[in-house]
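The next block holds one structure in the form of C-alpha cells; read it before the comments.
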Amino acid sequence: MLNVTVWNEYRHELSDEKVKNVYPKGIHEQLKSFLQEDFAVHTATLDAPEHGLNEAVLKETDVLIWWGHMAHDEVEDKIVARVHQRVLQGMGLVVLHSAHMSKIFMKLMGTSCDLKWREADEKCRLWNINPSHPIVEGVGEYIELEQEEMYGEHFDIPAPDELIFINWYQGGEVFRGGCTYRRGNGKIFYFQPGHESYPTYYHPEIQRVIKNAVKWCAPTSNQYPNYGHQEPLENIK
Amino acid sequence: MLNVTVWNEYRHELSDEKVKNVYPKGIHEQLKSFLQEDFAVHTATLDAPEHGLNEAVLKETDVLIWWGHMAHDEVEDKIVARVHQRVLQGMGLVVLHSAHMSKIFMKLMGTSCDLKWREADEKCRLWNINPSHPIVEGVGEYIELEQEEMYGEHFDIPAPDELIFINWYQGGEVFRGGCTYRRGNGKIFYFQPGHESYPTYYHPEIQRVIKNAVKWCAPTSNQYPNYGHQEPLENIK
Amino acid sequence: MLNVTVWNEYRHELSDEKVKNVYPKGIHEQLKSFLQEDFAVHTATLDAPEHGLNEAVLKETDVLIWWGHMAHDEVEDKIVARVHQRVLQGMGLVVLHSAHMSKIFMKLMGTSCDLKWREADEKCRLWNINPSHPIVEGVGEYIELEQEEMYGEHFDIPAPDELIFINWYQGGEVFRGGCTYRRGNGKIFYFQPGHESYPTYYHPEIQRVIKNAVKWCAPTSNQYPNYGHQEPLENIK
Amino acid sequence: MLNVTVWNEYRHELSDEKVKNVYPKGIHEQLKSFLQEDFAVHTATLDAPEHGLNEAVLKETDVLIWWGHMAHDEVEDKIVARVHQRVLQGMGLVVLHSAHMSKIFMKLMGTSCDLKWREADEKCRLWNINPSHPIVEGVGEYIELEQEEMYGEHFDIPAPDELIFINWYQGGEVFRGGCTYRRGNGKIFYFQPGHESYPTYYHPEIQRVIKNAVKWCAPTSNQYPNYGHQEPLENIK
C-alpha cells in the first residue's frame, strides 16, 4: 500500500470563519478522509516541528501532497531542499491549487509560476484533453465546479510533459489546470482546483483525480541514477 | 487479466534456416512464452484468414504486439484500418523492431518512419533516459545486446511524447530506440530490439521491457470521446 | 522572398450567398491580399486541374496554406500523397479551420482529427500561452473574435509539439486552437479561426498570426535525410 | 543587430598551460571572434565587478552565452537571480558544456543537472535528429569531433522541449547534447561541446550551431505577461 503524506499550511482554516465552515478540521483532514480509502495516509502541517517533514517522514513517503497559500514564505529553505532532493530521488508530488507558488513547486519548475486570478464565485469547467491517461481513469469529458477561484493564462510554467486538463471560466479565461512533469526520478502533478472557501475537495470527481494522480506519481523501484566519473564501457585505444 | 494478441508476420522463420534455428516455432511463440506469465496471450499471423485479426479478436484485445518485416505490403489495407480504429478507441499497441515500417505504424505516425540500417553482428547498448517511467520499472542504467541490427538516425518519426531509450551502436550511430505515443484513446510503444536472426527475445531485460510496455499501453475504462454537433453548455444569448 | 501557395476548396463562396458576401472573390483571394505584403503568393483551388497542385507548383512552394471543408473527399489521393511527400521533404504547411479534417492533415496526424462543433455566432477568445514563440510575435495576451464557429475538445490530434493558443468559447468549451508539429523535414501549424461565414480573415491579429506562421514554417536549407543501408562509421571488427 | 554577451568564468585559461595554449585570450574571446561576424558582441567574466553583468549590461543583452566550470560556486546568488529574471522576461540563454551545473542553468531547470563524465581524448559524434529546426540550419547529418569530453546519460534534466542533437561516444555512451527549453518569455539552448582543453570552438560546424542558436534564442518584441488580479472579461452575474 502506498504511503501518502498530505501537507497543509493549515492557516486559513484557523483564522477565517468561512473557510473553517468548509474545512472544520483543515484541508489536510478532508484530503485524508478519502485518500485513506486506498492509501496509508499521514498528515503534516506548517506549524509542526520541521513542518512535519523530517527525514524519517520523507523517507517513508511515496507520494507527497502539497496545499499552501498565505504562508509560502514561512516554509524553511532547508525543508524545501530536503523535499526537492526526495522528489529527484523518486518521491511523487501532487501540487494543489495555490501551491503553484509554493517554494517547492517554483524550485522544481524554475519559473515564476505566476498567473492571473479572481475570486468571484464563478463556474469552472475542467476539460479532459488526454483521455488515455491514467490520471483521468473513470473521468468523463469534463468536470464542472459550480464555484472555483479563477486562475488564468498566461501561467508561467514550463510546457508540461503532458497536459491533462484545460479549464474554462465563466469570466472569459482558460487555464492549463492539470499538468504532469518528470523531474529527476520523480513524477509531479499540478492540479488547479481547491480554493479554500469552496467545498472542492468534497467533489467525487475531484477526489477521483487526486487518487489517480497519487497512483500515477508513485515511485518505481528504480534507484536514482549514478553520476560522476565513468570508466569507458568500450576499449577506446 | 489483460488480453494480449501477438501478431507476427511469420515468414523469415519458415524460409531462412538461420532464423528458424533461433525461433523454431516463430517469433510470436517466443513472445507468447514469456508474456503468458502475466497476461492472457493469443497469437495471430499474416497467413491466417484476415491475418488472424477479425473484429471479434480485436474487440477482445487490450494490447496488440506487432512484428513484421519482409511482407508489410501483404497486410490488407482493410485490416490496417480496423486495427487503426481500435487503437484510436483505446487498444494499446507495442511495435517491435522492423515493424517501424509496418502499414499500421506508418498510418499512426504520419511520416515515412524510415531510418538507416546495417546487419553487422555489432554491439548495441540501450540507455535508459527516463528512469521514472513505468516502462523501465526494474531496468538498470542500460541494456546491452551483444548483437543487434543497427538502426540509425535520422529516424523519420514525430518527436515521441516520451523518449525512453537511446541506443548506442559500435559502428558509430545512435537511435531513439524506445518511444511512446498517444493517439486517440490509445497508447503506443515503439521498441527497437528484435532482429530475426539474433536471440533478442530470449534476453530477460528485453522481456521485462515488453511486459512493462504491455501494462503501460493497457486501455483505461474511458470511452472514446464523442464528436460532432454540440449544444452550448452555457446560455449564450 | 518566400513562395506561398494558398489552396482553397472554393465551394462555399460560390454556392452560399452569406459566404459570398463575406468573401466575394473567395477565401484564397482574401488570404492572398495580406500575405502578398510579405511573400510571393500563388493561389490554387479544388476545381483546377490537379487541384492546382502539380509537381512544378509544389516544387516551388515554400509554404502551403490549406482551407477546405465540404469537399474534403474530392481531393484526389494522388495529390494528397504528393503534398505529403513535399511536407516530409521540408515544405511548410499552415492548416486553417475546417481543414482539420482534410485528407492531408489527417494523413500527417495519424488520428481522426475529429472534434465538437457549433455554429451559434458566439464569442471566441484565443489565449496566447506561448509568449516567446515567433508565431505570436507582436500578438498580445489574447485575440478576441466577436463571432466564430465553436470547435471543442476533445480534439483528436497527437499532443502538439508546441501548444500556442487555447480558445475560450462563450458556450462553455475550450480548444487547442494553435498547434505546431514537425513531420519529416517539414513544419506544420494548425490554426482554428476562419469559419466561412464570418469575416475572420479580415481581422488584423489573425492576419498577423498567419504571416508569422508562414515564416515559422519556412523550410531550412537542409536536405531530407538519407535512409537505407549504411556502412559503419567506426571499425567494428 | 542582436546584442550578444559572452560570459566566461576565465579561470582554466589563466591557470592551466594546456588550456592557455588552446585559448590564449580566453574562451570568451574565441567565441566573440566568430560571433561578431553576425552580432554585436560584448564579453564579461567572473572576476569583473558584478561578474560583468550589471543591470545595464543585462538590459541591453538579447542573448547571453554562458561558459563556466571550476568556479560555479563563486557566482553570486544575487547575480544569478538577476540573470534568471532577465531570462523570464525574454533574454535568450545559450548554455555551453560544463555550464550544465552552473547556478543559472540549475535554477532554470529545477533538477540536479548531473551526468556522467570522462576525459579520455575520445571521439564524439553529434547526430542531428531534428533536421527542420533552425538551430541545425546548414548542419549535415552529424558533426564529428575528434576529441571531446564524454558526457553520458542519465543526464538529470527535464525532458527538453525539443531534442536537437544526440551524442555518440567511442567509450559506449550516449548523451542528449543539444536541447531547447522555453522558460517564462525566454528561450534556452543547452549545447554539450566545448571542453576547455580541446579546440572545439574553432570547429566551423560548432560555430555554426552556436550562431544559429543565438538567432533562435533571440527575444520577440512581446512583453512579459501581466500577472495578478484580473477583472472578468465577461459578465458573470
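Chains: A, B, C and D, in written order; residue numbering restarts at 1 for each.
Assume a contact is a pair of C-beta atoms (placed from the backbone, for glycine too) under 8 Å apart; a residue touches a chain by one contact, two chains touch by 3 or more.
If you want to know which protein each chain is, UniProt gives these names: A, B, C, D = Trehalose utilization protein ThuA.
This structure is a prediction, so every number in the text was calculated from the model and none was measured.
The chain pair with the larger count of C-beta pairs in contact, out of A-D and B-D, is A-D.
The most distant chain from subunit C, with centres taken as the mean of CA atoms, is A.
Measuring from the averaged C-alpha position of subunit A to that of subunit D gives a distance of 31 Å.
Annotation: 37 Å between the Cα-based centres of subunit B and subunit D.
Looking at subunit A, one finds that residues 125, 130-131, 141, 152, 154, 159, 161-162, 170, 172-173, 182, 184, 225-226, 233-234 touch two or more other chains.
Against subunit D, in their complex, subunit A makes its touches with residues 88, 107-112, 114-118, 120, 122, 150, 152, 154, 156, 158-159, 161, 170-173, 181-184, 225-234, 236.
By the touch rule above, subunit C contacts subunit D in their complex via residues 90, 123, 125, 130-134, 136-139, 141, 161-162, 170, 182, 184-187, 219-222, 224-226, 233-234. By the touch criterion given at the top, residues 125, 127-131, 141, 152-155, 159, 162-163, 166-169, 172-174, 176 of subunit B touch subunit D in their complex.
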